[in-house]
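Think of it as A, B, C, D and E in the order they're written, each chain with its own count starting at 1.
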Amino acid sequence: MLQVAVRHRLGDFTLDAAFDAPQGLTVLFGRSGSGKTSVINAVAGLVRPDAGLVRVGERVLGDTAQGIWLPPNRRGLGYIFQEGRLFPHLSVRQNLLYGRWFSRSALRLAPVVEMLGLGALLNRRPGALSGGEKQRVAIGRALLADPSLILADEPLAALDEARKAEILPYFERLRDEARCPILYVSHSAAEVARLATTVVVLQDGRVVRQGTASEVLSDPAVTPAGIRAVGAVLEARVAAHHEDGLTELDANGLRLFLPRVRQDVGAPLRVRIAAQEVILSRNRPEGLSALNILPGTVDSIREGDGPGAIVSLDTAGGRVLARITRRSAEALGLAPGVSCFAVVKTVAIAREDVGGA
Amino acid sequence: MLQVAVRHRLGDFTLDAAFDAPQGLTVLFGRSGSGKTSVINAVAGLVRPDAGLVRVGERVLGDTAQGIWLPPNRRGLGYIFQEGRLFPHLSVRQNLLYGRWFSRSALRLAPVVEMLGLGALLNRRPGALSGGEKQRVAIGRALLADPSLILADEPLAALDEARKAEILPYFERLRDEARCPILYVSHSAAEVARLATTVVVLQDGRVVRQGTASEVLSDPAVTPAGIRAVGAVLEARVAAHHEDGLTELDANGLRLFLPRVRQDVGAPLRVRIAAQEVILSRNRPEGLSALNILPGTVDSIREGDGPGAIVSLDTAGGRVLARITRRSAEALGLAPGVSCFAVVKTVAIAREDVGGA
Amino acid sequence: EPVTVFAAASLKTALDDVAGNYDGKVILSYAGSSMLARQVQQGAPADVVFLANTDWMDVLESDGLIATDTRVDLLGNRLVLAGPVGAAPVEIGPQLDLAAMLGDGRLAMALVEAVPAGIYGKAALDSLGLWGAVEHSVAQVDNVRAALALVSLGQVPLGVVYATDALADSHVDALGVFPDSSHPPIRYPVAAVAGREQAATAFLDFLTGPDARTIFASHGFAVLGD
Amino acid sequence: MEWLSPAEWEAVRLSLRVSFWATLVALPFGLFVAYALARWRFPGKQVVNGLVHLPLILPPVVTGYLLLLVFSPRAPVGGFLQSLGVTFAFHWTGAALAAGIMGFPLMVRAMRLSIEAVDPMLEQAAATLGASRIWVFATVTLPMVLPGVLAGSILAFAKAMGEFGATITFVSNIPGQTQTLPSAIYAFLQVPGGEASALRLVLVAVAVAMLALLLSEWVSRRVAARVGGA
Amino acid sequence: MEWLSPAEWEAVRLSLRVSFWATLVALPFGLFVAYALARWRFPGKQVVNGLVHLPLILPPVVTGYLLLLVFSPRAPVGGFLQSLGVTFAFHWTGAALAAGIMGFPLMVRAMRLSIEAVDPMLEQAAATLGASRIWVFATVTLPMVLPGVLAGSILAFAKAMGEFGATITFVSNIPGQTQTLPSAIYAFLQVPGGEASALRLVLVAVAVAMLALLLSEWVSRRVAARVGGA
């Protein structure tokens, strides 16, 4: 769906990244300076790389081998820049509507303004906005251009958690309604797990790993976002909505409870379970406040530098990772093949770790 | 130590904030547009408010009632701006050293460059840096000015987790070595818990809550950073460093295990325990991978909008919060006065939730 | 049908006066003689040219741009040594110690190689044997009027200007008159532009008539052209 | 009291007309050249740049003379234009042409500086939102360089109000047709005792130009206030 | 072939000297005035602005005449300066003064535009790092407005190379002292058949100014490359 291959030199830095991503939201993941923005700029056509190919579905946006390199305005983009780049001479409203002058269809302003909480700011100029407000206007401006490819470079970095929680579902919907492919840079594992169809990990300008969110985030060898990012992603289906505000999921026969989600019964769902939030027990624990108890078998134990170890557990619902201390691993006598129980709090599967599949 | 009182109008927005913070690091916490940057700008002297008083220790930086309002350059600042503001005509090295021209003492460049990973970039111009790299240079520039007051406006927002983990201890050390007071804006509960001596919560330009990190973050009514930020902070002392990489803490007689910390035995320490990572059990659980089991008594149960409830538990080490489902609360028969056990994973107390007190 | 006259700027006061007494409409375009001549060369819409310089009229004549039979050297002028009001008059001749009169001041003149008043002035000083003594004290300006201004403002003690100029400036007196023999005759030639004779005739007639003569004379010009 | 004679009023009117049209007509050309010099690379760029500055370097009389040589009805270009019904020599349009050319370097420099100061990142942002080059220019670049366009225009206008050497050489000093304020002032200064009359005209010229200047400052401040801060 | 006579060489040298000093001396004043107009609010600001533009609006002869009125030894200012040993009358310094004044509006506008384009946020950043106003100016503002300073200087230099009317009126044409290229060119144009000689000098003037222009473009590009992107 989205095919990107770029080779380009920037001073000492050489970008040489190629990946091929299916429909959906592709996250570019990697440390500061790894080349994420450079890739996006090439896809946007703002940079003409030494050699490159960019294709969205059947549309070839650029192919230096064929001498094609469409200018940005003919690529149908909605680019949320890392640094805002609002038009200082236009009001917030005019900034938001800028892309509409050039797009065929007219998206409605109101819902986007509502989602981003920009209602009171429409007549202001960007110079009179706070940092987070600017960022929200930048998001709105890109979305309202009715793009056929969204490029988002850390769109939520400047926002508070509450605001993030309001905007994330919007990206989810864009992804799910197959409106357009999205290329998304993020440093947040939670965002990645929730949004990513595909994760592309960059390091020093090269793609070092690519896969589904579950694959990449389950790989403790990658953990580019630090130890907290390790986690497994289970595929499940909504089984029932309970009256006390809980939703019951069915992950291949395994029951999981989590706070009410908006998906309908029967809808597929992805649940990220952070490794550090999983407790292991040799016996089925009783009388705990945690509602999710998943029986499984130890697949492997990987010991890291510190006092911790990552235990990989095969359950009926898929692989679950647990990050525990070596001391506990020894105390419990864990070893490959040993069966045990993973204890996961209901609420530990927070809303931002849940996304439509 | 740091006394701030500012009244100022900006269009429709009225800032009317006053707080008084002890030595250490004061976090300004609040949603986008709540006035955090405005407060910092007034403290920096970039804005002369309609009425205001800013005092650091005995030094009066500004007092409009007395007609005093020192210009920024006479305030001894190190301001890390929300948007970088690097000097485009200077190299990274020159940017970093800019403040040194005007400060009495000469801090050494090397350690800061090392910590921020800027070694390879020293001869570049800011135009040729990635977003995160710019932000790191901005941090370095402020620190190297040898300030007597640090103002940091979301300094780590653009950085990946690994990089954050490298920089956070530096701020901690600045705070602990009483080098200078720090006023710090952050949206991240983890950062706040780890760094804050005092948290000031802003809402619509007003201070709605102020207190120690433990007080404010333990207050589920505040939770300005979303439900995930709720947590309690325990005061403890390092009891022992174990060979398997764990450190044992003593929180008023209560034993806590967590991954090795750098503090020496006997040093005071603060540990944030996120409410959502606590599991409750009526009986002392056995055979779990979690090493920390804290006996306590239920103090109160607060039910929220969703399926969850916050259980406040009095333990020997202090108050601990647990966020569990109402279903579990009922199943366990929890009620004020009931005694139960809080189960906390060792690694759930991740390094970033631990800081010197 | 108005008549358009391109005239040397130094004629302005007098010619404005004359035109005011003419009962037809006259359009007077004043500029430097060289400029006017070049413009006529390029087809300027002039009916009459009235220059302060015979050389340029000769050029126009040889280019066939004026009606030769209408050319008249209408006015004459004299060169004077101008000084501040009240300064003692002097006799201008070879004996004059101009250098001493100047002291370390300068002698204001129009450009001595380019502008008529300057060319005449240099010729006069030369023929009187005075040029060598003052050569390096000359301050040249782009027109004779500016030279007069230098004297008038006291910027220089003395200047070589036309008698008409000295007469018109109340801050300046003519301290002496250069002998006519010391320089080529100062002539103001006037002529109809070739092909425009018809439009020009009436005004040319008036210019050479008695009324105009009286006016020119009152401005200090010598009226020739008989 | 009749402060200005009818002919002098005519000169004021003419100077205004000449300056206005000189500025207005030069504006699009100036903007185009400024943009090209600021943003494009093309062979002969320095030649264009030199040509633009030429009227500044040459004594005005020379510029006027060159104009006369090119545009006089006797010259090929002037003759051709005349056959199209366009006359410059000895016509107020010629005064406007001369004034426009003399002010051109000032106009271009101011605009070029402003264009160079526009952050290309904003233009890129506009392009990603679908704006073609010309739209980017019209909706982003142009509004942001308005202060420079204004500054350039007011410089050109002031220059046009004061231009004399090239004008009088090119179009002469014909009252009612090509006699601008500076030419009228010049004529007064050529005769002894004309200072008072010259002074009156100087004051008029200064008053007019100051008005234009104040107006431009006011507009510029309003524009700046709109753009204020990024 | 002797292409230029010694006197003409002298005029070339003098024009260069006059233009160089006119530009150099005007620069700090221009920068100061530009900064004041761009950044300060003070009573009489529009008066200062008007005064700066005056040489553009007035016919050069008038400017020269006014200079004469102010700086002649009889006038208070001129007399006072002379008592200090500063002479302008009939001296090349006077030519430089006239040229500097005529180029001043061009210089100030270019610098002012550049200063207005500097982001005050960067100046604030410098202030928070301990830089006093003057240091902020020297280390942040000035380096960032260098292109404008250069542009203003080259405009003023070019103008000085071409200035004629004010110069000759103020300091006359004294070979070796005040006879600049434009006066020499003017003189040639006054006499029939002088065109060829005038043309030679025009070519010299153009060549010198173009060299200066190319140099300024080159420096400006280097500066821009250093600042390039934010």
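Keep in mind that, in the parts below, a contact is a pair of C-beta atoms (placed from the backbone, for glycine too) under 8 Å apart; a residue touches a chain by one contact, two chains touch by 3 or more.
In UniProt terms, the chains line up like this: A, B = sn-glycerol-3-phosphate import ATP-binding protein UgpC; D, E = Molybdenum transport system permease.
All values reported here derive from a predicted model rather than from experimental measurement.
Peer 1: When chain D is left out of the picture, which chains can still reach each other by chains of touches?
Peer 2: Leaving out chain D yields one piece.
Peer 1: Trace the shortest sequence of touching chains from chain B to chain D and report its length in steps.
Peer 2: Graph distance in the chain contact network comes out at 2.
Peer 1: Average the CA atoms of each chain to get its centre, and name the chain whose centre is farthest from that of chain A.
Peer 2: If we average the C-alpha coordinates per chain, C ends up farthest from chain A.
Peer 1: From chain B, which chain is the farthest off, judged by mean CA positions?
Peer 2: C
Peer 1: Could you put a whole-Å number on the gap between the CA centroids of chain A and chain E?
Peer 2: Measuring from centre to centre gives 60 Å for this pair.
Peer 1: Taking each chain's centre as its mean C-alpha position, how far apart are chain C and chain E in Å?
Peer 2: Those two chain centres are 35 Å apart.
Peer 1: In angstrom, rounded to a whole number, how far apart do the mean CA points of chain A and chain D lie?
Peer 2: Here the centre of chain D sits 57 Å away from the centre of chain A.
Peer 1: Counting only residues that touch at least two other chains, what does the list for chain D look like?
Peer 2: In chain D, residues 61, 65, 121, 186, 189, 229-230 touch at least two other chains, as defined above.
Peer 1: Could you list which residues of chain B touch at least two other chains?
Peer 2: 83, 128
Peer 1: Mind listing each pair of touching chains for me?
Peer 2: All chain pairs meeting the touch criterion are A-B, A-D, B-E, C-D, C-E, D-E.
Peer 1: Can you list the chain A residues touching chain B in their complex?
Peer 2: Listed in rising order, the residues are 10-12, 30-33, 36-38, 82-83, 120, 124, 128-133, 135-136, 153-154, 157-165, 187, 189, 224-229, 242, 244-246, 257, 259-260, 276-277, 279-283, 285-291, 306-308, 322-329, 331-332, 343, 345-348, 350.
Peer 1: In their shared complex, at which residues does chain C touch chain D?
Peer 2: Touch residues, chain C against chain D: 4, 6, 9-10, 12-13, 27-31, 35-36, 38-39, 42-45, 143, 145, 148, 152, 165, 167-170, 172.
Peer 1: In their shared complex, at which residues does chain E touch chain B?
Peer 2: Those residues of chain E that touch chain B are 121-122, 124-133, 135-136, 139-140, 143-144, 226-230.
Peer 1: Could you please specify the touching residues of chain B with respect to chain E in the complex?
Peer 2: Residue list for chain B touching chain E: 44-46, 71-73, 75-79, 81, 83, 85-89, 98-99, 101-103, 125-128, 141-142, 145, 151.
Peer 1: Could you list, by residue number, the parts of chain E that touch chain D in their complex?
Peer 2: 46, 49-50, 53-62, 65, 105-106, 109-110, 112-114, 116-117, 119, 121, 147-148, 151, 154-155, 158-159, 161-165, 182, 185-186, 189, 198, 202, 205-206, 209-210, 213-214, 217, 224, 229-230
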